[in-house]
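Letters A, B and C mark the chains in the order given here, with residues in each chain numbered from 1 onward.
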Amino acid sequence: MQSNETILAVNHLKINFNTYAGKVKAIRDVSFDLKKGETLAIVGESGSGKTVTTRSIMGMLANNAVVDGGNIQFHDKDVLKMSERELENLRGAQIAQIFQDPMTSLDPTMRIGRQIAEPLMIHKGVKKEKAMAQALEMMKLVGITDAENRINDYPHQFSGGMRQRIVIAIALINYPEILIADEPTTALDVTIQAQILNLMRELQDKISTSIIFITHDLGVVAGMADRVAVMYAGKIVEYGTVDEIFYNPKHPYTWGLLSSMPTLDTNSAELASIPGTPPDLLDPPKGDAFAPRNPYALKIDTEQEPPFFKVSDTHYAATWLLHPDAPKVTPPDQIIKRQEKFAEMQKAALAKAQHHQIEEEEEQQ
Amino acid sequence: MADEVKLPADSFEPLDKSKHLDSEKIAAPNLTFMQDAWRRLKKNKSAIVAMIILIIFFVLAFGSAFFSPHNPNAVNPQFANLPPKWPGININGINGTLVQAGSRVNAYQAAGAGAGVHYWLGTDYLGRDMLSRILFGTRISLTVAIVATAVDLLIGVTFGLFSGWKGGWVDNFMQRVIEIIMSIPTLVVVVLLILILKPGMMSITLAIAFSSWTTMARLIRAQTLELKEQEYVLAAKTLGESSIKVAFKHLLPNLSSIIIIQTMFTIPSAIFFEAFLSFVGIGISAPQASLGTLLNDGQKNFQFLPYQMWYPAIVLSLIMIAFNIFADGLRDAFDPQTKE
Amino acid sequence: MAKYLLKRIFYLLLTLFIVITVTFFLMKLLPGTPLQNQQKLSPAQQHLILKQYGLTKPVWQQYLIYVGGVFQGNFGTSFQFSDQPVSYLISSRIGPSLLLGIQAMILGVIPGILVGALGAIKKNTWVDTTTTIVSILGISIPSFVLAVLLQYFVGLKLHLLPIADWGGFAYTVLPTIALAASPFADTARFTRTEMVDVLNSDYIELATAKGLSKWGVIYHHALRNSLIPVVTIIGPLAVNIMTGSMVIENIFSIPGIGEQFVKSILTNDYPTIMAVTIVYSVMLMVVLLITDIVYGIIDPRIRISGKSN
């Protein structure tokens, strides 16, 4: 399902917000790409710039936002340079979005069938009856039971989980190339979260869309994403495949995030946390923005921003600790355990690959 | 790419953890709720201008009790209906001239007033100094409004707190009472109360207060219902604090912003009601004056002596505008969410 | 819905009953009688008049007769005009008041909604600032000041419209404007606040993300959601207009209920005061009931689940 075709490339994106207090540098040089059919997770604390990034992809930045540089290439066109008209044609057709809170993201006074059918009617010029029929199909696809009888219901007649299914139906009705899911499960109960995540995975296979999955919850990422980008203070600090980020993280911030996530094999009685708060982006600190919270900070962190160091072809991290001259530091216990597991996994993968080969050979015979 | 840059040798020395990890430091100064609101209010220029206008009116109106240009009730029939005259300025409107039967005449000369006689805003039909009467009237209007609002506050807050705190059938009953009162037009209630209490400053004040407390009571009740479920209130209750103590220590401080905002909206509406009733003729009665009675007097001669209506109308409108703008500003300052 | 309606009508009748009872006994506390203008009559004549008014019976009997009468549309006889039943006094005057009230409601609410919505859509621009200033003025300047200003400039100086009196559409224009100013300002402010809230809501963001144009979002999603709550302020606006009509009808010499009410108050004509009180309360209660029902019909959240509060 995954291919190497890049459908979206964000290059050196910089976005500022003009506020009464001054210029807030919300996005400070962010670059990433999205391949066809893959799921890219963007992880970070609130205020790290995840949402601003996705809004800029949708061309839905607030009025006081100023793009300070960079571009967003979608099929050879720069989204940032599109006219309002072009953006309208893009939104809901080629790029769709699911929002955080299903309780508030549906129009309370419009029947849900109409809400689901609306993007079809706008973008494809489908007549109302036909659009409603397709909306009904989509409702069944996202798992709304008794869809025929519920198509004329209003949002308040559905539970939170069902409403998020409706939001997903709205987003997918035009089979978009990119689906941006901005914390789609944060507002839901844990059991419902799992259902929604399963649904998204299932639908991704069915309609082969790429997903940008925004979350602050690494736990959700593991089963969902192919690749992960970790954001901190308006920058990506580390990115790689999901295994690389989970089992071989290099950036101390990623270490902190992983250590603060409960796992089944966590032994310690207490969960670790990252001390302090993210920096004020009105006046970002010199050097590495994470340095004030980083127990592994080096002198150079306070002077110069770290560039990306390559860990593998797919794995990069922006920390001076990867510089050849940097002292070797011992990551937290949990991270060491994860790295051990990573080594095992790689061994196992290797073995499995060999095994696979043998099997295939056997089948051939 | 990093390798291209020449880095100083000591670049990779670890930082001292105990020194650089000062992340728990809070950058912004710690402001109390009121300080924060005041800071926001100060940024709202129109609200500050409104506040200054109000302060000026208050100082003038209440200051005039001690030093008024003339006695507001001194009748001087000889100088009746004189237009405004400012010493040394010769502009129509403030030079003591009037248009009578198509030609401009010097009303002061006609009345036989000496060169030293000036009435800044003219005189009324009994020759009383308009400026003094307006100051006097403003004082009465403001007093009525503020006392009425204070009584309204007392009833409304008590009723709302009690209703919300008690809950159950008490609350239900009290809400029905409010609903019944609210389905009678306020004005009718005021009129009935004034008729029973006999027109006068006291009765008009009480009538306004008794008819306008329901809005406050509803707001306070709604907020109390919410606060009641807050952990700190539950904790205080669990620890055995008496209801009265909980009300004063935990509820009132958290209700203060609602109370202040609502008060600021009640005062102009009380000013309006007083002016309205006095204008109709069932409010403040002679020889006392309020902005409403002055308007009533002025309206009778409006076609010929418009200044007698202008000045009270301007003062009343200015006070109302200033109060409304100031109240808007306060609401935005106390509740930043409503603004953005 | 039917159950809710029945409950509401029950409360309406209960409230009406309380209003009648309270006003009746309040009026009994007051010293005035139909004789106040005719002190020269002999005791026998006085007794005859009192008997005519039914005032010689015990108070409880008077009360029962009064309540019975009210429900048949009989409000007794005016003290001021001893030959006129109050019900006639009111029914002959309700026309101009209703006409003015309805005109003022329309003139206030519809432009108010438009101006308020425009202010919200063009938030933080000169359009918004202008509408805010206009609505602050509308709320702050008392209707009677505005009425006199209109009389002076439009009527007296420009001779465009009649200054006062009643007779034809031209005579209703100035009083309608004076009455409508405050409801207009209230509606504009309320609509603006609602619309700003709605425009900031998540479902508007979702609508934008669907690819609707700015005006498409406003037309299909924002307008309906911000206009539904406007129905809830119709009741308070009706009060506003009733209050205003007392003084506006006086200023423009319009033979309406408001003008009669003031006259009755000044002459202690208790039967008329009571009747107007009851009529005003009934009008307000009916308006409140209708707006509640309309709100229930147009807001799907209430329509389905029944009244939540």
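Following the convention adopted for this analysis, a contact is a pair of C-beta atoms (placed from the backbone, for glycine too) under 8 Å apart; a residue touches a chain by one contact, two chains touch by 3 or more.
In UniProt terms, the chains line up like this: A = ABC transporter ATP-binding protein; B, C = ABC transporter permease.
Keep in mind that this is a model prediction, so the values were computed, not measured.
More C-beta pairs touch across one of B-C and A-C than the other; that pair is B-C. Of all chains shown, the one whose average CA position lies nearest the global CA mean is B.
Look at where the CA atoms of chain A average out and do the same for chain B (ABC transporter permease): the two points lie 52 Å apart. Centre-to-centre separation between chain B (ABC transporter permease) and chain C (ABC transporter permease), using Cα means, comes to 25 Å.
The centroid of the Cα atoms in chain A and the matching centroid in chain C (ABC transporter permease) are 56 Å apart.
Contact with two or more other chains is made by no residue of chain C (ABC transporter permease). Multi-chain contact residues of chain B (ABC transporter permease) (touching two or more other chains): none found.
Of all residues in chain B (ABC transporter permease), only 1-3, 5, 7, 10-15, 17, 20-24, 27, 43 touch chain A in the complex they form. Residues 11-12, 14-15, 18-19, 23, 26, 29-30, 136-137, 139-142, 144-145, 148-149, 151-152, 156, 193, 239, 242-243, 246-247, 250-251, 261-262, 265-266, 268, 273, 276-277, 280-281, 284-285, 288 of chain C (ABC transporter permease) touch chain B (ABC transporter permease) in their complex.
By the touch rule above, chain B (ABC transporter permease) contacts chain C (ABC transporter permease) in their complex via residues 176, 179-180, 183-188, 191-192, 195-196, 268, 272, 275-276, 279-282, 295, 299, 302-303, 306, 309, 313, 316-317, 320-321, 323-325, 328, 338. Chain A meets chain B (ABC transporter permease) in the complex at residues 20, 275-277, 280, 291-293, 295-304, 306-309, 320, 323-327, 329. Against chain C (ABC transporter permease), in their complex, chain A makes its touches with residues 58, 60, 84, 88-93, 96-97, 99-101, 104-110, 118-119, 122-123, 154, 156-157, 167, 170-171.
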